[in-house]
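Read through the structure below, which is laid out as structure tokens, and then see the notes.
In this document, chain identifiers A, B, C and D correspond to the written order of the chains, with residue numbering beginning at 1 in each.
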Amino acid sequence: MTVRVRDGLRQEVLNANLAIPQVGLATLTWGNVSGVDREAGVFVIKPSGVPYEDLALDHLVTVRLSDGEVVDGDLRPSTDTETHRCLYLAFPSIGGVTHTHSTHAVAFAQARLEIPVLGTTHADTFNGPIPCTPDLTAEQCAKDYEYNTGRVIVDMLKEDDQKAVEVPAAMVAGHGPFTWGATARKSLEHAIICEAVADIALHTLALSPTAPPPPHLLNRHYTRKHGPDAYYGNPTPAPAG
Amino acid sequence: MTVRVRDGLRQEVLNANLAIPQVGLATLTWGNVSGVDREAGVFVIKPSGVPYEDLALDHLVTVRLSDGEVVDGDLRPSTDTETHRCLYLAFPSIGGVTHTHSTHAVAFAQARLEIPVLGTTHADTFNGPIPCTPDLTAEQCAKDYEYNTGRVIVDMLKEDDQKAVEVPAAMVAGHGPFTWGATARKSLEHAIICEAVADIALHTLALSPTAPPPPHLLNRHYTRKHGPDAYYGNPTPAPAG
Amino acid sequence: MTVRVRDGLRQEVLNANLAIPQVGLATLTWGNVSGVDREAGVFVIKPSGVPYEDLALDHLVTVRLSDGEVVDGDLRPSTDTETHRCLYLAFPSIGGVTHTHSTHAVAFAQARLEIPVLGTTHADTFNGPIPCTPDLTAEQCAKDYEYNTGRVIVDMLKEDDQKAVEVPAAMVAGHGPFTWGATARKSLEHAIICEAVADIALHTLALSPTAPPPPHLLNRHYTRKHGPDAYYGNPTPAPAG
Amino acid sequence: MTVRVRDGLRQEVLNANLAIPQVGLATLTWGNVSGVDREAGVFVIKPSGVPYEDLALDHLVTVRLSDGEVVDGDLRPSTDTETHRCLYLAFPSIGGVTHTHSTHAVAFAQARLEIPVLGTTHADTFNGPIPCTPDLTAEQCAKDYEYNTGRVIVDMLKEDDQKAVEVPAAMVAGHGPFTWGATARKSLEHAIICEAVADIALHTLALSPTAPPPPHLLNRHYTRKHGPDAYYGNPTPAPAG
């Protein structure tokens, strides 16, 4: 039995997955993006281990939010599917999730360090450091490992949806970044920015183990892009002519 | 009411903006270039948050120098527009301004360090270190933040137009580089060079916290490209045939 | 006299060699991939010093496993041919070998350090550190140098085929990485991953000379991709339609 | 009056110049390659400051070896022309010269450090460290600056042609790399390799300020590619078919 998802979701998820190698965040088949349809109670995700150059709409897999069962698709979903599901269940405002092994973000995850707020490039998107989870325990690795990978993120954020909105990214210790957003596309953008700020942060820390810039500067940048007083961006660009 | 700007300015500003991602200085929609028409008393700038792949001539916004009012264009101008305006007002010789979040230059801005003159690559373009402003105060962030972002640069240069000509770039602490030049295209070239010398400087400092090379070498390189005794370059290349 | 090799082997070896510059692992003509046909007792390898843009099926060289004689092809085989041969003879499960001078892996080889297991990106493919050989002796350099380059790898692994399967890569001290796999394509993938984990490891060590993550996490990642309980990937993706 | 140069020289010099941005060694118009015709007593070089995308055969400038006079071409030659001329005069075996501001090589030049021999990637091409000159004196900068830039290289090598053949590259302190070779194309290849080994060396030194690998290994690599016992490469690849 096939489950219908809302119009455009499958295409958006495909596009976001295909963008991963285009923006330089993927090695081989690494990385995956999903998008959720909360009304239908399912999310759509990349299949496991399929090369990006072969990936097509038909390959996407639809998974039920409540129990993780595949309800549409012939292929096995990404091994990280249960991590995505855990994040969707814990944070109702999340519409899409992205996971990559991007070089500089993974370096922070492997060093088990948060990515500190060192400037406005970070504060434009993330209202605080990108936190790093503690190590998973042997028990968390032995059973339901992928679900528990989401669980350590959820626990770190104390299941607080507002926190997840303000800092839409986390590092899993020894592993790498998971990012999310209102849509699959937004979760991908947060993965791109997470990697960019990790890259800049590594260079900054090499120059100077400096204190973060003043909070009033960081807060100004976050609020000019987010919340009721935001004044960045344009609704829809007028067509060229 | 539409304001006419001099022929070619809008196209030059569009081209310079489109070049930002091509030369690898942009992530997502970050970065913006403007160009001024001092006779008309306006400058033309990128709209806020429009993806580079969608950007068209029609989207550019014309802003009045004297008060920052939009006088042409349907979109909201870049959030950094007031910073550009402040620089145009303070430095009469500036014809174009570029702002990016390029990785290595931002690392210096986040470390709140000037980019020191470590060799002739730097001295070919910048007649001294690329300075870094002090942090903006809470007051400067609370009101007219973007204008004040230009103000801290202007204050650092003591409003000295000649200084702005000799070192056409500055770092805003905790934020990133602003560069300028006689034209929009020139301001973009200075952004490219600013990023290149920041990249090389980071590697140089990793090898050796060395003193700068002798002033006579640096001066020789600056003066062979600038001023009355310059002998670099060619007027216009003969057409291929 | 021409030796027939199994269908598809020459094309696979050509494709894997052509992929080296495409994935950014080659400078000029550096790097080479070979694939073996154990039934025919030969392997197929890139010729020495031919630019990738000129490389064609006709240029590949077929070499006899038992004695290293060229049995097919007009060109001289890669100077590293004897290293490949040594690895094929020592490890019966190897179907392909790749050698590159990729930047970050070579840095570890030049520092004569193993690439430590610092996270799941590494553990997904390599079940332990990527080891680095001792220096070759003057005798090993004077005679049969290239064969001895393989010999120091084989000796380091105590000629243990299972070890070679679990960690399909090694650094030759002062030289660079050799990787292998069930096929030529797989050996290339291991070269790509070896370079990626070396790159991430360099950044991780710059942030923190941290201890490796807990063994249960690493083991979980290795076993979900390898062995009887693996659950990563899909057999063959359904065609798009 | 036009001077004829040997067939193919102008095209080879054009191709080598156009390759500089293609291999990622150039920012803007930086970098230049020349090739010499010793029988005609001239060399052909890139004009000054012409963007690579506009560069055409017609723009190349022919310069007399004996006195540096332009004998063919409408444009001003590269500002570095006198440095090339000095190298051609001092080292009779040189057929081409390349100058770039490539990132990692310039970092060594700015740190005033030689690029040490840290592995076989270096020893395959350079039979020893790539040396760095002392600073130019105020007198050397004041008059005939560009010629003196070649002079400090020539003095450092004690005008020894054999040394120039064995290590076809040098760093000018505070400036950057000059490389040379039997042809313009070869000098470019040496610039590419010089940058690659500088990049790897920077990472190696970050991991470990290690001693160089044993001389017998380095010597083996140099001699398998150079001199009477060389066995690397192939004469001309058979055409595909």
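Methods note: a residue touches a chain if its C-beta (ideal position, glycine included) is under 8 Å from a C-beta of that chain, and two chains touch if they have at least 3 such contacts.
The UniProt protein names, listed by chain, are A, B, C, D = L-ribulose-5-phosphate 4-epimerase.
None of these values were measured; they are calculated from a predicted model.
Novice: With centres defined as the mean of C-alpha atoms, identify the chain lying farthest from chain D.
Specialist: Result for the farthest chain: A.
Novice: When chain A touches chain C, do the two copies use mostly the same residue numbers, with over half shared, or different ones?
Specialist: Different residues, largely: of all residue numbers at this interface, under half are found in both copies.
Novice: When the C-alpha atoms of chain B and chain C are each averaged to a single point, how far apart are the two points in Å?
Specialist: Using C-alpha averages as centres, the distance is 46 Å.
Novice: Between chain B and chain D, what is the gap in Å from one C-alpha centre to the other?
Specialist: Roughly 33 Å, centre to centre.
Novice: Among all residues of chain D, which ones touch two or more of the remaining chains?
Specialist: Correct list: 206.
Novice: Which chains touch which?
Specialist: Here the touching chain pairs work out to A-B, A-C, B-D, C-D.
Novice: Within the complex, which stretch of chain D touches chain C?
Specialist: Within the complex, chain D touches chain C at residues 118-121, 189, 192-193, 196, 199-201, 203-204, 206-208, 210, 213-214, 216-220, 224, 231-234, 237-241.
Novice: For chain C, which residues count as touching chain D in their complex?
Specialist: Chain C reaches chain D through residues 27-28, 30, 47-50, 54-59, 74-76, 79, 101, 103-104, 106-113, 135-138, 141-142, 145, 173-176, 202, 205-206.
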